[in-house]
Amino acid sequence: MHRTGELYGQFETLEQQKDSATLGMWIFLVTEVLFFGGLFLTYTVNRHLYFTAFGVGGNMLDLKLGATNTVVLIASSFTMAMSVWSAQTDRKKLLPLFLILTFLLGGVFLGIKYVEYKQKFDHHLVPGHSFDLTYRINHPAPGDSPKELAAERQEIEDALKTEAAGTPQEQLTALNAHAQLFFSLYFGMTGLHALHMIIGAGLLIWVIRESFKGRFTASYNTPIEIVGLYWHFVDIVWIYLFALLYLINRHSV
Amino acid sequence: MTEHVVSPKIYVVILLALLLGTYLTVTAALHDFGLWNIVIALAIATTKATLVVLFFMHAKYSPKRTQLVVACAVFWLALLLFMTMSDYFTRVDYRGIRYPVSQNVFIHQPHRS
Amino acid sequence: MQSSLPFFPEQASSFAGNVDALFMFILLTCLFFAVLVSLLAIYAAFKYHRTSPGEVGSTAHGNMFLEVGWTAIPLILALGMFAWGAVVYVNFRTAPKDTLDIYVVGKQWMWKLEQPNGKREINELHIPVNRNIKLIMGSEDVIHNFYVPAFRAKMDVVPGRYNTLWFRPTKIGKYHFFCSQYCGTNHAVMGGWVTVMDPAEYAAWLSDESGNVNPVSAGEKLFTQLACVTCHLSNGTGRAPSLNGVYGAKVLLSDGSTVTADDAYIRESILQPKAKIVAGYQPVMPTFQGLVTEEQILNLTAYIKSLQSQPVPAKGAGIAPTSAGKK
Amino acid sequence: MATTSTIHTGPALKLPEKHYLNTGYGIRSWLLTTDHKRIALLYLLSVTFFFFIGGFFAMMIRLSLLTPDGRLLSPDTYNRMFTMHGVSMIFFFLIPSIPAILGNFFIPLMIGAKDLAFPKINLLSWYIYIVGGAFTLYSMMAGGLDTGWTFYTPLSTVYSNSAVAPAVVGIFITGFSSILTGLNFLVTIHTMRAPGMTWFRLPLFVWAHYATSVVMILGTPVVAITLGLAAMERVFGLGFFNPAMGGDPILFQHLFWFYSHPAVYIMILPAMGVISEIIPTFARKKLFGYHFVAAASLAIAVIGFLVWAHHMFLTGQSTYAALAFSFLTFLVAIPSAVKVFNWTATLFGGSISFDTPMLYAFGFLGLFLVGGLTGLFLGCLGVDMHVHDTYFVVAHFHYIMVGGAVMGYLGGLHFWWPKITGRMYPEWLARIAALVLFVGFNLTFFPQFVLGYLGMPRRYHVYPPEFQVYNVMSTAGASILALGYLLPMIYLTWAAFYGRVAGNNPWPATGLEWTTPSPPPTENFEVTPVVTWEAYDFHNRPELGLDVPSQPVGAHEHD
């Protein structure tokens, strides 16, 4: 199909085109909701079955980094919304600025996520053969606060009491297995989320390039709006991930 | 279809509300409210998500059709979660006890044949 | 199955009649509609056959009365089927109290079954006629399904949990049982025979122990081997409660609740000792998960059962005093 | 030649000068096309390929079951055969067949659009399908697959020794093809309708695809993530569904059936849509109860999502949940019944011809009746406890999926073949093939109902000898069925090149797709059509050249 200006051949009008694109994106987001939905269900069922072990796992996540990331992502959602506004009101200088800000905030998020992942690797909290809930308390790094470590030890000991197994070693195996489920889900959910962030960042690079060319105007800004919808959706997923993974049972520390 | 331009003022207000929500949810999580912690965390998350959908994503100003799409997403996600959990919450084990009472799942080591 | 073209399997359990009656009800209802619709379609096809190339049909395009009618009538019939089916199923899922309990373990690709007295069978099940039988089933690997067509009953056997299947055989004979959940290579041969016997014959068969180790003595041996005996002293002075008389009695737990010491409780206590701690004792018992096989657990249970008649010490038993009310 | 229906008798018909098939000939003009019609043909080829792979496995299964002791195949080979039969037929044939071929081709034509809303995404869908198919084919060659198409854990994730991971990844990938197709259809139906094409003037084929698309976009992502988790479990040893590591195998079944039950509606709804086109055309009469049939499609799509755990009545699911799911299962039967009644009612007062598509429609009606009604037995808790996982289930879903969906698919192919290729197929040969299929099908699958009630479990490589009689019948039927499938494959291909030129509207039918030349031009319509008539209205369409009694028709123009 031939393209006339910004109008693709299968459409009659720009309005119809925008209508289709927006609806298409919303429907795609519904699909995404259900895609993450499968993970949320797996999480819910296992949280129901292994409430304590999941609590221990959640408390091993870094609340400060998680909260910072939430703020960063909310801010990037805001700058994304401002990009849409800039495009709609024909502010051709502001538009790339806000888009770049969004992109940078997204980068900061991924950077912080990298730091968190690295911590988990260092603490042997990655599912697999070397998974060990007690690695950190047994191998403290120089910078670790003793108070924090003591709290962590206490929590694991409390949790062990609820695991229905025998010798301390076997109890630990069971707790490890259940906590490993938590971390499998943690990496699965945040990993899939990060993958979405990376795709979003790729889309941002594309619209930033096009915005420098001045392609987006008050009458044609569909791509900005579409990328915006996607970006906000990724933000929403994180809002829930933060609550479910980082916050539940946090008080028990 | 005329486009609704949302003013930056609203965006700023929503941004502040979201940041406030984040502060509240972290603070609430650090206090022990028992099972209410879960409710609070999810309620705040849902409020935040709703704000993002309504204002940042312009669902409030979109045609009914878009709102229907959003409603479908929520509805089907709820179906998936609640109908499955309805099985888990009402399951009884072989003794007629609700499952799981304790973690009464016996674990066999897997042995590949 | 005498006739060469059988349509119904034998009816050999209390469910069979119910299931077949329900089946016939649905079958007749469905046949009525299938025949009705087919006849109408065939009739119309000939009656309204096109006679000239340019002919068109009538302008009729709907009738509210018909639409409501053919929505409502099938709905009512369907709800009837649901209700009847629900009654049959709830009965099937609710085992009566007075059952003969048989432990069933499915593994790739055999069935191990164990009679209440510990007599073990592989791919064979002997049961007395007209007795409520309850199978308590677990799997060692993948999901299986225990299915006896003549009893019209089946249930999945899921690893990681127990499912139960109860039935009441009503006819003496030998019936196939199958694994009806696909479980890998030899799924098709993972089956055997259920032999329904006269109660007296069954009793004779059960007590014929040739070729079988007595589970009680096997359990007693294990009780020593696994060092259970070092804590569970029979006189009640050990670190763990005496097990004399505990089987079938109510046990007072540390959280104030009570639990009946049945096979399931014993099994759980062996595999997950920390799940329910007897009041007044410390959670010191190690788990035997992975250390004992399903059969050994059954042997241990049989031994503990045999202690039922032993004298209960005044102190050091976990049995709840009769005055202990509900929590 | 069908004198009863075809108005054109003169030899004057010619193919149009320029149409979508002759706009380009190179391989690039096909592999890089964004024309929905060409993409539909790409799907036609690839889907047919998988149909024959699946059909080959089916034949091996039936041959092996001829004797009770399974002499032909080893147990492992047999298990691979039925697994790969299921996987290729369900994920690579049935799910894409009608939507991606006929839906892709005809939805834009039926609503008066130049193309789907997102032509590039449409092409992308096909490539995704091919990549997913390649993974699955690789799994079939590299060790095969023996988990059953349902991939139940922990068999699939821990115990199977076959190539599970590539197959699961292949299906995961193919899922996105389905999602994007559904998305494309939904947007197209919403935003691309021609002027005058209101919602209630849409052909029911479009309504059916609307409902199908809803299922595709809401269900497919769930099975995608589920299979993704299963693949992680298999490859990295995670424990989501592995009881040995604390996971729950029943959770896998919940997640799997959340999609895979509605997936049945992805297969049957489009077939129902085809039948809703064929019956009015060959009865020359408006479809009875248009609004009810349209609403029934949506009702099936929605209620279809509420019934999934009826596949799990005997897993130890809670009794309460089983009751709820059984109740909802009976509800979903109602809209299907409503459709059948409306189709039958349409016949009354019609002017019925027995052209091949109509024969398929009759065949569909009969087979779908049996398939649908036997679903009641399975949805009924008290009967399911006996027939669950037996051949009764196998017979039931083949009546739905083969008797229903494939009959609808073949009916649709015949109905629209003149539009797709511009040429007619040989009518008498086609009628014979339709009859052969009907007879072969019933002989194959009806005995399996009896087998199932007698208690023969499904997926059995060997079986007790008393079941042999019915198995022999079934295998005999399968041979006839195979012939029935080969025939259309041969004569349709022949007809595409050498058939008689069909003209724009050979039947004639009322849809917009018949107002454009056959084969249609690349842009579908030279001028955007304006719709002024209701769906299936033969009485106010003088251009069809029919003898409408009460209304004098000016001139008998042939299109």
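We call the chains A, B, C and D, going by the order they appear; numbering starts again at 1 in every chain.
Quick note on the criterion: a contact is a pair of C-beta atoms (placed from the backbone, for glycine too) under 8 Å apart; a residue touches a chain by one contact, two chains touch by 3 or more.
Values in this document were obtained by computation on a predicted structure and should not be read as measured data.
Asks: With chain centres set to the mean of the C-alpha atoms, which chain is at the far end from chain A?
Replies: Ranked by distance of C-alpha centres from chain A, the top chain is C.
Asks: For this structure, I'd like the pair of chains sharing the most C-beta contacts.
Replies: The chain pair sharing the largest number of C-beta contacts is C-D.
Asks: Just how far, in Å, is the C-alpha centre of chain B from the one of chain A?
Replies: Distance between chain centres: 14 Å.
Asks: Nearest whole angstrom, what separates the Cα centre of chain B from the Cα centre of chain D?
Replies: Chain centroid spacing, chain B to chain D, equals 36 Å.
Asks: Using Cα averages as centroids, what's the distance between chain C and chain D in whole Å?
Replies: Going by mean C-alpha positions, chain C sits 38 Å from chain D.
Asks: Where the CA atoms of chain A average out and where those of chain C average out, how many Å apart are those spots?
Replies: 44
Asks: Which residues of chain B are in contact with two or more other chains?
Replies: Chain B, residues with two or more chain partners: 65, 72, 76, 80, 84, 88, 102-105, 107-110, 113.
Asks: Provide the list of chain A residues touching at least two other chains, using ranges where the numbers run on.
Replies: Those would be 19, 23, 27, 30, 34, 37-38, 41, 45, 49-50, 163-164, 174, 177.
Asks: What are the residue numbers in chain C that touch two or more other chains?
Replies: Answer for chain C, listing residues that touch two or more other chains: 108, 141, 159-161, 163, 268, 272, 275, 289.
Asks: Please give the residue numbers of chain C that touch chain A in the complex, ascending.
Replies: So the residues of chain C touching chain A come out as 268, 272-275, 283, 285-289.
Asks: In the complex formed with chain D, which residues of chain A make contact?
Replies: These residues of chain A touch chain D: 1, 9-12, 16, 19-20, 23-24, 27-28, 30-32, 34-39, 41-42, 45-46, 49-50, 127-128, 174, 177-178, 180-181, 184-185, 188.
Asks: Can you list the residues on chain B that touch chain A in the complex?
Replies: 1, 3, 5-8, 11-12, 14-15, 18-19, 22, 25-26, 29-33, 37-38, 41-42, 44-45, 48-49, 52-53, 55-57, 62, 65-66, 69-70, 72-74, 76-77, 80-81, 84-85, 88, 100, 102-105, 107
Asks: Under the touch definition given earlier, write down the residues of chain D that touch chain B in their complex.
Replies: So the residues of chain D touching chain B come out as 154, 158-159, 161, 190, 218, 222, 242-246, 250-251, 254-255, 258, 305-306, 308-309, 316-321, 324.
Asks: Given the complex with chain D, which residues does chain B contribute to the contact?
Replies: 65, 72, 76, 79-80, 83-84, 86-92, 105, 107-110, 112-113
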